[in-house]
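Both complexes below contain subunit A, partnered by subunit B and then by subunit C.
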Partner chain A sequence: MTEAALPAPVAAPAVDRERLTAIGFVLPSFVIIAGVFALPLVLLLGVSIVDANGLTLAHYKRLLGTPYYLGVIWNSLRLGLLTTLIAFLISYPAAFALARARGPLRSVLLATLFLPLAASVIVKAFAWTILLRSDGIVNETLMALGIIEDPIRMIFTETALIVGAVNIFLPFMILPIYAIVAQLDPRYAEAAATLGASPVGTFFRVILPLTLPGIIAGVALVFSLSVSAYVVPTLLIGEKYPTLATMIAKAYLLAREPGFGAAAGVVLLGIAIAVVALSARLSQEPK
Partner chain B sequence: MTRAAIVVCWVMAIALALFLLAPLLVIAAASFSPTPVFDLPLTGASTHWYGKISRLDGFWPSLLLSLQIALFSTAISLVCGTLAAIAIARGKLPGAGIFATALVSPLMMPGLVLGIALLQGFRAIGFTAPWATLLVAHLVITLPYVARTMIAGLARFDFTLIEAARTLGCTYPGGVMRVMVPALAPSFLIAGLFSFLASFDNYPVSIFLADVRTKTLPIRMLQYIEEAPDPTLAALSTLILAGTVILLIVSDRVVGLHRMAGTSD
Partner chain C sequence: MSEATPHLVVRGVSKRYGPTTVLDHIDLTIRRGELVTLLGPSGCGKTTLLRAIAGLAQPDTGKVELAGRNITNVPPHKRNVGVVFQSYALFPHLTVAGNVAFGLKVRGAARREIDAAVERALSLVKLGHLAGRRISALSGGQQQRVALARAIAVEPDVLLFDEALSALDRKLREEMQVELRRLLQDVKATAIFVTHDQDEALTMSDRVAVMNKGRIEQLAEPRELYLRPASLFALNFVGLSTRIPGTVLAADNGKVDVETKVGRMSALGNFQTGASVIVAARPEQLRLGEQGEANSAAGRVRSVVFQGSRTLVEVDAGAGESLLAELSGRDGAIPRVHDEIRLSWPVAETFAFPMEVQT
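Let's turn to the complex of A and B:
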């Protein structure tokens, strides 16, 4: 090789080297995501469609053809829907107050969001079992206020489940909404009012559409977390309210029915993927 | 906004703050209960239950295991996730957008399904040592937190600053150390904090990989709660909460809570 031949190929390898460096940088993460996330999920799909005799859809037929199991799927969806709806109704107005707060008040409010977010789910669910006991603080308070005469049964009811789930997943709703509301320019609402819009009209035609990206992010996150929650239903309602998550755990840990558990897992995974796909599509929609 | 709407917003915000804090305050109060039942409001105070924590069956090995898994998986994810985020932010990587989505996607997937998938996968290749499987599994739990925070942090970082530092006489590693590292340190710390907490608190993945002798602290705690809930567990919960509060206060002093609000969506 002569010296004169060198300069020409040098430019191309420089670009190649940058690309190679980039690939080298992402390689460890790629190996983790492909090998410990994507591949096992594909394998799970495989396990759900085989049994001792080869390929089969028997697990899915059993899951989707038995009223009891359809009820279990509905229980999961119901938990997800109710939790998401209630969390949204509380979080949306609260996000506006949080965005208006200044100084130490804002720090205190943000701290009340981050502390529960960082706190252990098991600790919080355990706290709700104490709060909702028949001799617990919620019953005592209601009786002291004269709202009820005798303690009402709250723990191991659907109310307990939803209260606990809303409490635990609420920060995941308010933070994305707050992030959008905090950037909202108040002049939009003023302009709408100047142009003759009523407060209600301003809200539905200006504020709500502008904050939609935050709502979509919060709703998608809270729904996918609550629909697949395991610790919360286990501690707050138990056997009475079987969900896909508790059924999957049972199929693997007690019943040793991996095929059926895998099929239930694939259904739960399908719900999660549908939520992600839907939210991605909705946030791209031109306004 | 109209006055009535503002009032509604504030009422909701205060109700929300009280509602979110309620379980944390109750668990702390219950831990000082003088009797074995959770007598609230307290009629006296006792630190008796704190002394009983260390005698809980299998407590120390579980605490040690959870700390080890959380520390090691966070450390590995911080290295891998930061490198990947740099490559994605530099824009020299083909398919960077898709890869960024793939990196954070485990956050939206049900943990329990990942748990059974990993159980099947590890069994299929004969990889069954509980400690090692837990560590590898927790990489998928921690990596998305690091990737999400570091990608967001790097989106605000101007790489030409490193070139500027070199023009001003820095070596390339020197430029990285004196410009890029300080700019990214806050994101790095938040990423580490959230990924540590996510691993330390994980139940749905760990439960399928643990065995009788190798149980993480959340598995042990759920077992205690189901078997015999008494104020000892409230005391243990309060100590875990206190640890979390200390981590949050330190992070707030170093980087500020507002920054976390920006990167947590």
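Let's turn to the complex of A and C:
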């Protein structure tokens, strides 16, 4: 009887100590995340649903009920979707090339990918304005070669915006895909081939599904970065392409409408969360 | 097609990687339903030969024919071969059944046909109850079986195993060797195994090709390979042996007399007088004491290793030479370490090989 009862009081403190240790480890990061991320978001949410008269949904009604603002939301989505799609189309083959590269070539390629991350977004966006403006390098070169007679209008067009955004966010697509591709056992493709799959069949039935986690990570990163980009649209296209991010800045800094700005911020956050949650779902293994 | 017609023919296949010759004019003919092992140390070219047959490595010269078809320039997906890889290479995003169905799906087989073939293949490897499992939920032995079922399901003209059992632990591997051989014979598969494990080669195959430096040194049935090794390399690679260097004193009609540091010996072999040779014998041929028509040597017992049904006795014969005898308890008393003993072995079971020039 005592034998059966004995282990319990001995084991209990050990488990408690383990739990305490675990809590001790988690606590600092919990405090940081709660204080630095969660609290401001709660405040943001709070500001978005009050005005001078108390609680209200007026800011959201204005944002989602006015065609102009719906256009702004669409601009943000369009920027995010186009940037993500084009970045993916460039990154997927690039990640394979990177994984195939050996020795010094691989180091050089990786360095060219990492180095731009060290430069500020503002610097890179300005660099694009210098390249693309009417008397910029691209136009001068094309005219010098006699390919065009008059400068093409590139800066402050959607093309400039997308080109700049793709360039700036590209590493965030290539790197996660590369991380998966570099781990991919070449035997999978060989096994598929010996089982009778053509190269195209092997790609769609084996390579693409196996690299999907990298694609999803890259898409989630690049989409959430580009949909909320502020510097890139401000410098490369400006007033005529208002996005949620540029509009939020204006609401706070110029119009002094923190409630409306906060509501736009919540919508933007909602879009980003939706995409990340969807990605997380997709990257879970089926069954 | 009759059993005797050549099913897989490899003719004059060579392959170089940079300055290294990996395959050196390989000729190999395999009959339908035959189980053949490519046996050799790492780097001997056995895996490259397997990959050349599968179409995963393109030979520089030579020809590969399978089931009467020249497949030398046919891409792997049109060869109808089945490969079981060392790492299995099972698709982690598919279930067990999905893996087995893969080959039939990409061939555009009908749904009902696929289901039937998957069920048949999985029941062959006794994994029918795991059809819906994920690959990551399987043990190593189970994964091995799925890889086999996946390769068999498409009814390939030849099954190729690249060190397919080497990832399993010893006991499981030995069980799989016997089971796999029976299974392949049941479905009348033609198969080639690549391995560096001589036990696996002797257990599983109808014939063994011993490979060394990109060449096939000997292609023979396991028993013949052991009893009549064609080269010093084959002798060394399969089984144990006593090897004593010497010089040919006299040669006569397939028999030579050799002067060694531990005495004069007779052996089978064709050499010119004065040639440097190695005289060799298998350990079970060595007996305690004298016998007729035999070579013999004496020495002090260096070690005695009891191995159950037999005991391995190593004898220091002096002059840096040693003898290795495998004695069974029935032969009488087993000597002890430091005993002075004499061992003898029949001339008819003594071979002479040319001394290999080490490169």
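Simple rule for what comes next: the second predicted complex is superposed on the first by the 266 of 287 C-alpha atoms of A that agree within 3 Å, B and C clash if a C-alpha of one lies under 4 Å from a C-alpha of the other, contacts with A are read in each partner's own complex, and residues count from 1 in each chain.
As a convention for this text, contacts are C-beta pairs under 8 Å (C-beta built on N, C-alpha and C of every residue); 3 or more make two chains touch, one makes a residue touch a chain.
The structure presented is a predicted model; accordingly, all values stated were derived computationally and were not measured.
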item: Which of subunit B and subunit C A:P242 touches, first, second, both or neither; value: neither
item: First, second, both or neither for A:A197, with subunit B first and subunit C second; value: second
item: Touched partner set for A:V231, first subunit B, second subunit C, both or neither; value: first
item: Which partner, subunit B or subunit C, touches more subunit A residues; value: B
item: Partner chain in contact with A:R187 - subunit B first, subunit C second, else both or neither; value: second
item: Which superposed partner A:V206 touches (first subunit B, second subunit C, both, neither); value: second
item: Interface residues of subunit A shared between complexes with subunit B and subunit C; value: 199
item: Subunit A-facing residues of subunit B, complex; value: 1-2, 5-6, 8-10, 12-13, 15-17, 19-24, 26-27, 30, 37-38, 40-41, 79-81, 83-84, 86-88, 90, 92-94, 99, 102-103, 105-106, 108-114, 116-121, 124, 136-137, 139-140, 143, 147, 193-194, 197, 200-201, 203-204, 207-208, 218, 221-222, 225-226, 229, 233-234, 237, 240-241, 244-245, 247-248, 252, 257-258, 260-262, 264-265
item: Interfacial residue positions of subunit A with respect to subunit B in the complex; value: 18-19, 21-23, 25-26, 28-30, 32-33, 36-41, 43-44, 47, 90-91, 93-94, 96-98, 100-101, 107-124, 126-131, 133, 135-137, 140, 167, 170-171, 174-176, 178-179, 182, 189, 199, 203, 214, 217, 220-221, 224, 227-228, 230-231, 234-235, 245, 248-249, 252-253, 258, 261-262, 265-266, 268-269, 272-273, 275-276
item: Contact set on subunit C toward subunit A in their complex; value: 54-56, 75-83, 85, 87, 89-93, 95, 102-103, 105-107, 132, 134, 150-151, 154, 160
item: Contacting residues of subunit A [partner subunit C, same complex]; value: 185, 187-188, 190-199, 201-202, 205-206, 209-210, 212, 285-287
